[in-house]
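Right after this note come the structures.
In what comes next, subunit A is part of two complexes: it sits with subunit B in the first one and with subunit C in the second one.
For the complex of A and B:
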């Protein structure tokens, strides 16, 4: 009963909340299709975040804490963008949950 | 702005008791746990074939084990005092969200199989068979109770719906019908050490970042140590404090207070979670297994005291059960309570005059305080009755100039749940969470209008995440919810250490000896 999404003619399995079942399956098209589901169009600003999430995950096996993310964004793109407001403007359902989904990361669980 | 597929209740000056709408929330049910999340907790992977017999047997077992459960199921006289007390009923109008309606789902089955009148004359006494339909109602409505216990304050017989919900969830787990959100999370605690699944290296990286940030902000080296053997205090805090906002601002505040105290402290990667979702699912075994991690960490790190961060239900488990779950704690310093709440710790230092605050640094805010349900109704702080209400307020008054209470029917022991407690803080229950927040949103909106309140403070990770999510549904800003120790963090005047003097060289990674002792 697994759900799937179609990316470039290929089927990808996702869980009931729309997160990619296997992180290793991820291709950039996954993010584009998922963003389409949420009526978002990905810009280079979105991709900066998605790429950072994937790099961080590769090193730490977990999504970065919000503060780690905002700090990295601030360093890279300027202090005015190093805050959650900026991230929410890109990912209205929350940088942790929505951006992780696009990036193929598991959903952060717990009291968040 | 938040969009929704359901109607957000309009705010009103007083939360009115709605006309009932039977079945209004019958469709609400969280995702069912998969086998991979069930089995590490000792539960069947999926609904077992003989689920009916096993559910009834489990109910019998719980009735034998918990005398309170049988009393609660027997004692209700249908007086109606609870009917308008639950935030989920007030927000959804579904009569099964009246506490008595919820209890009756279990009570009917109890009567059918465990009372002679129900066995012989079921219809006369409202006894019902455990059918698949009933089972689905259990799954739905026992996941619409946040176990906040507000109803029990008003019940003349003292019936605690939270315990009934916990029992129901334990029965459901025992037949393979678990809730994904809670059970996946408990599995992560066993595997990684915390609800979020933050491994040690990620924790260390995050904490190093905080040390840099605080140094950049204040010029004082405040340390956020982890796994430091021989520290005096083990700080156990919800993993959301590492990860989310505004939680992390609270963690920064704890570190600053501990810095000023001069007492050495440490976090633990093994016990990197204060939360204990074993309580939400009513499972003593899992609650104990989670709590034992704290004991193991305390022994391994040779600490003398244990302090808990801002987490509502964790404090219930810690304050009420930690000794029986994971004690005896005879290896800790007997001069201090086991465990201690970070608010007690901060309050004690304030009383001793050992903390200096510049309250004006919080003058951009007008504050109110949300009592978290598990702290308010299931625990205490300090050595006086009601300390769990007074101590957090005393800290706010010590750190802020502008503070106003919400309506007295919505605070202290009558506080309303945030709407996301008890294992319901999950996106698949967002409609329930938004609607259940209405009574709190009404009260908050009133003090915003009448007193100019700008921010609400809480001492629970769930409350903070829940409000961050639901405030925008009511036209408010997610930033309006703050950690209590965030106020402390803003106002505290830090004492520079010997190596904080104007030298330019950063000798960052060198772990400087803590200069202070007790």
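For the complex of A and C:
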């Protein structure tokens, strides 16, 4: 049986690891609800990364590995944010895995 | 972590769609990039078609993953080669191929296009000097 999460009264299908089945279904509420399940409250810093990931995916059709994400974030959002300490402070379950899940992307390629 | 750096060569020999080889090869290259080895990627035979610009897969119901090749530079893969003979035999020129940007590891300077079209002598040399060749 497929798993679902409820966002604003609407059901969204997710896979067994909690990633959204169809990224075209994504609405910002998905991220908010998923974060709530992980006991996180999303701040504008979180949204910067989530939006960054969605843009990266739109351009390259993959979710970046964490090493690549770190470097790219540093370039785009400033060196102080392009390090794994900062990203882990926002996404304690792993910036690539957790942030990609909130962003509605599949699990990142090269993620161990 | 092993400190011995080996030379890995990934050979892409097949058309991008119609089989899973091209996409699987790209995933292996991206995952393998985490291991800090000396990686070269060579597009040969029908594999040169993987890099053709402006692919549109709507009609075949498959995901167009050609934009993903442009992340190779982000994954610190800088040795990207295309066999000139394979390209010419298919009526293609370097201008028909996507460009993959990268960065010089020493100077951090932007490199506009890492894709290098090479002749058969370089292809042979590349194969000879590799420790491991993965053919897809």
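Heads up, the rule we're going with is that the second predicted complex is superposed on the first by the 107 of 112 C-alpha atoms of A that agree within 3 Å, B and C clash if a C-alpha of one lies under 4 Å from a C-alpha of the other, contacts with A are read in each partner's own complex, and residues count from 1 in each chain.
What we mean here is this: contacts are C-beta pairs under 8 Å (C-beta built on N, C-alpha and C of every residue); 3 or more make two chains touch, one makes a residue touch a chain.
No experiment lies behind these values; they were computed from the predicted model shown.
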Winner by number of subunit A residues touched, once subunit B and subunit C are compared = B
Should A:62 be classified as contacting the first partner (subunit B), the second (subunit C), both, or neither?
-> both
With the two structures laid over each other on chain A, which partner does A:71 touch: subunit B (first), subunit C (second), both, or neither?
-> both
Contacts of A:17 with subunit B and subunit C, given as first, second, both or neither | first
Kindly classify A:84 by the partners it touches after superposition: subunit B alone (first), subunit C alone (second), both, or neither?
-> first
For A:96, decide between first (touching subunit B), second (touching subunit C), both and neither.
-> first
Which parts of subunit A are touched by subunit B and by subunit C alike?
-> 59-62, 64-65, 67-68, 71, 109-110, 112
Subunit A contact footprint on subunit C (complex, rising order) | 27, 30-31, 33-34, 63-65, 67-68, 70-71, 74-75
Please name which positions on subunit A make contact with subunit B in the complex.
-> 16-17, 59-62, 64-68, 71, 84, 88, 92, 96-97, 106, 108-112
Where on subunit B does subunit A make contact in their complex?
-> 1, 31, 181, 184-185, 188, 194-199, 201-202, 205-206, 209-210, 213, 238-240, 242-245, 247-248, 275, 311, 425, 427-428, 461-462, 464-465, 478
Along subunit A, where are the residues that touch subunit C in the complex?
-> 59-62, 64-65, 67-68, 71-72, 109-110, 112
